[in-house]
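Just below sit the structures, each encoded as structure tokens.
Note that chain A is present in both complexes that follow, paired respectively with chain B and with chain C.
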Partner chain A sequence: MQASLASTRTRSQSSSSTADVIFEDAERIPNKKHPLSQYASPTPEAALKSAKLAALHARLSLPQKLPLQTMARTLVDPSADSNPNFNNAALAQLGGSIISYHVAEYLLCTYPRLPMTVLFSAAYAYNGPKTLELIARELGVETAAAPGSEVDPGLLQFSKMASGTKIDEFGASTRPDSKSFYRRGMSSRNVYDDEFGDTIPREREPYEPLSTEQAYAGFVKAVVGSLFLHAGREQAKRFVKRHILSRHLDISSLFQFKTPERELTRLCQREEFEHPVARILSETGRHSRSPVYVVGIYSGNDKLGEGAGPSLLEAKIRASVAALKAWYLYSPGNNVRVPSEMESKGAREWEPVHIDLGEVIH
Partner chain B sequence: MDTRLIRRPVLDLLSGRSQCLFSLNAASRRNESSYRRTKQRLNIKPDSSFLNSKHSPNQDHIIFNPPSSAPSVLHTPLKFLPKEDKRRQLLASTATRHQATDSILPPPVHVKRSVPHHHLSEADVREIQRLKREEPDNWTCAKLARKFNCSTFFVSICLTQCGVDNTQKKKEMQEKLEAIQARWGPRRRKAREERAKRYELANRGE
Partner chain C sequence: MVVQGLRKVTVGQNGVGSFILQCKRLDFHYCDWMGSSKGMNSFIANSLQKFAAAHPQIEINVSPRPRKHPVIIGHYINGREKAVCVRNLQKEQILKKAELLRDASGEKLKKVTKPVTSIKESVRGVWSPYHGGPLTV
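And then the complex of A and B:
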């Protein structure tokens, strides 16, 4: 019976104890499974009986259109079950692109002047693997000690890395110039790298163990993907809005300038404003041990930024940084319309959003 | 902008928790050994400006008097708003109303300039480059600046194009600097390190 099931479901790892099973992969994977577990992951029938899974479905207030069986599938990582019909790889791929689309359109429409570095960092803070892990943990998803068919389908299943395994950051990637990775500027990141400006790792073997962070991130992406498939575009967008975009991110803390005064001067030249001039707004204790200067940067009669510091130079730098941040953090408003709003029925006519010239090059 | 990618801990970024904790700690610090003494100590007479006097206004309106603080970077100045933005007209109308009262701008920050600016011609620049090319060891940046009465910064810009290989010289200078830094005592070293950190924070605007 075991052999017949294995042939119908073609689970390469599932029943390696029997001799008549043909392995799809050339090398034999060491079997660490419990002798009672027949398959690599719980069966779809088990999903209907799991209290944990039903509770998770209810807690996330997911629509009834999303069946428990699919919900169970989102919790099975490719490292637990390498069969693409039973793991969440496809769902995660779909959900990941939906999440990054919504985050990108939100960021680009709300802050149209953000420099590329800040845009990458903001995207990473919103839907990077670390944040997705945080979200999955907040949703109350726990991990199974080891994957197998006897495990409760409400637990996240993946093969864990052995402790002490080195996670190499600069491993094999899909970049053509992977050998000379020191040539990684912003424009090459745009072309070759992922939505956070990080290298895309080369395709892994599906059964390779992976970090908890990646497994949790895959789960959240797979939930969005399954919502899209079963309940539609609107529901997927609603989930992304509620769980990811609703988080508060202080974008002004992501900036780091090298020569802010020079950059501001170049900006004023480019936009044909008057030359920026630093002016002392107020000061105290000039001849004391701890003086404080408040300096404002003026272009003509308009104040662009203001900063306080213990020396005139530092106050000037702070004022320039404030002015540059004020430029880059321009936002058309709180409720800017995003392109995906046009997909709903009866949407108003699209008004073009503000598109900026780009960041200051100096 | 810095071309490096800035990665900060996600937990810090996504929650203002660090600030909240700090403020809580500052408020709930208890120095006295008993509750009664703490309460007694905290029972301070309020500042006279908080008390009602016969001069305090009797009108039924709100007085908006925020404490002095750095303006938010999220408030885009009028000049930075794009032409099609609706806030432009609103801000412009208030700006014209305020302009009448304070048309005098505050004094500019004076930059002491020991050497004149923009006084060298093309020929002078070529002369600087020629001198350096002929005797690179003799004509240092400072010497050239003294001869032509200009800043060392300007000389260094001119010398980037003169075609003299200065990698060896740079290496020597770096070694010299490291030797000097090795002689620093703990106080000076700490002061320099702290200054560097301060400027890094200033460049981030924190």
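And then the complex of A and C:
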């Protein structure tokens, strides 16, 4: 099966640099140094002999069920080998969905009150392409200078973009309202856009060169996808937990408020708390060059937040931000159950997780 | 837009969740002729296989380096490398050097002055002069 597939492969791009030299008398001198192979990526047999690949497999502590041949396939980007039987496109598609599912359920169950924008950026921080690139680099994956069948199967292979290529961020997307004057609201991002709230670019040609970031991200996704196929759901989840969710992120640093006082007032109205009032808790050096005021925001007798600043207004704004963050970052605990835990055998009955009304809209 | 999200990336903490050995490759260079490689040749013949089997996550390359002293070069995930010359050493001493390279992080050596370094906030918080009762002297 493997051999018959291998024989159907062709080189995706005719690499003219390795072509044979033809002299005037039409005598063909074969280029012995770089033999022209009919394959665009290393053969599955080569995977068994690569020290780099075996070391990478061991370094990731992947189960033995995941064969080296598949591991080699996760390292071949569609831009290196356009044949879908030999590149990682399908594995990356599957793995990407699994990663974003586990990240999303972790974020939604652990921080049920996160506003949509912050949820998008938290998801981006955990499994955005930038982070996946960092993860792949920290796993010790190296890139091949250029793709080809003679390359060590332990290297990540893709067609590199030429330096100075303009990355077209706002190219054609899959959204139906592609006209620029339409407002891209938050709720439409849920429907049309990807898991980070970004527009999904239109399908590109598979052999088009791509950035290192995308190639590395494709590799991490493909590893999760191949784990799912060979070793099962639990192993794929374990990989996501160990390598993606275990990374550090201070979610409170993702917020950017525009009008925190107004938002807090609306929140108190909605939750039927008393109107928030700012009170000075302590101050020093009012007439000096560097005064400090400590202001608390109170709703009735309850202190919602506190902030310090060099002016009364700034201290009040900081206090409002602290109060809003305290509300949005409510968490039932770090060990809250997530829906995917129900898939394991003998799981106890599902208790509904806390679901919030949603963010404050004013 | 009420509140906006800022884009950041998560920070890896090696050892939390998973541990990745930082040494990814060890190159062993020897010479067949020179006396300084005697221990190295004996190490390659007798101990290297066991060492390699114990550390599957390290790629091991053995190659001759004629008319030169034997050397072990470690390549690390952060892109740096570390070389140790093992001329005239016995095979047990060479094993120690290989273990030293295996355990190294690849970072430049620097003096550690603080007992704890952390990217997390202090649990106790930072002392504030504006809180707590006034100080009576």
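Throughout what follows, the second predicted complex is superposed on the first by the 325 of 362 C-alpha atoms of A that agree within 3 Å, B and C clash if a C-alpha of one lies under 4 Å from a C-alpha of the other, contacts with A are read in each partner's own complex, and residues count from 1 in each chain.
Methods note: a residue touches a chain if its C-beta (ideal position, glycine included) is under 8 Å from a C-beta of that chain, and two chains touch if they have at least 3 such contacts.
The model shown is predicted, which means the values in this text are computed figures rather than measured ones.
With the two structures laid over each other on chain A, which partner does A:A55 touch: chain B (first), chain C (second), both, or neither?
The second partner, chain C, only.
Where does A:G140 make contact in the superposed view: on chain B (first), on chain C (second), on both, or on neither?
A:G140 contacts chain C only, not chain B.
A:S288 in the overlay: touching chain B, chain C, both, or neither? Say first, second, both or neither.
So A:S288 meets neither chain B nor chain C here.
If you stack the two complexes on chain A, which partner ends up touching A:S163: first (chain B), second (chain C), both, or neither?
Neither partner.
Check whether A:S299 is in contact with chain B, with chain C, with both or with neither, and answer first, second, both or neither.
first
If we overlay the two complexes on their shared chain A, which of chain B and chain C does A:A278 touch? Say first, second, both or neither.
The first partner, chain B, only.
Quick check on the superposed pair: does A:L312 touch chain B, chain C, both, or neither? Answer first, second, both or neither.
first
Based on the superposed arrangement, let me know which partner A:P332 touches: chain B (first), chain C (second), both, or neither?
First partner only.
Classify the contacts of A:Q64 with the two partner chains as first (chain B alone), second (chain C alone), both, or neither.
neither
Taking the contacts chain A makes with chain B in one complex and with chain C in the other, which residues are shared?
Residues 115, 117-118, 120-121, 124-125, 128, 130-131, 134, 186, 247-250, 253-258, 263, 281, 308, 359-360, which sit in both footprints.
Tell me, which parts of chain B touch chain A in their complex?
1-8, 10-11, 13-16, 70-71, 73-82, 84-85, 95, 99, 103, 105-109, 198-199, 202-206
Which bits of chain C are touching chain A when the two form their complex?
1-14, 16-18, 20-21, 24-25, 56-61, 77, 119-121, 128-131
Mind pulling up the chain A residues that touch chain C in the complex?
Counting only chain A, the residues touching chain C are 51-52, 54-55, 58-59, 61, 115, 117-122, 124-126, 128, 130-131, 134-135, 137-140, 154, 186, 241-250, 253-258, 263, 281-284, 292, 294, 308, 324, 328, 359-362.
So in the complex, the part of chain A that touches chain B is made up of which residues?
Where chain A meets chain B, its residues are 115, 117-118, 120-121, 124-125, 128, 130-131, 134, 185-186, 197, 247-250, 252-258, 260, 263, 273, 277-281, 295-296, 298-309, 312, 314, 316-318, 321-323, 325-327, 329-332, 354, 356, 359-360.
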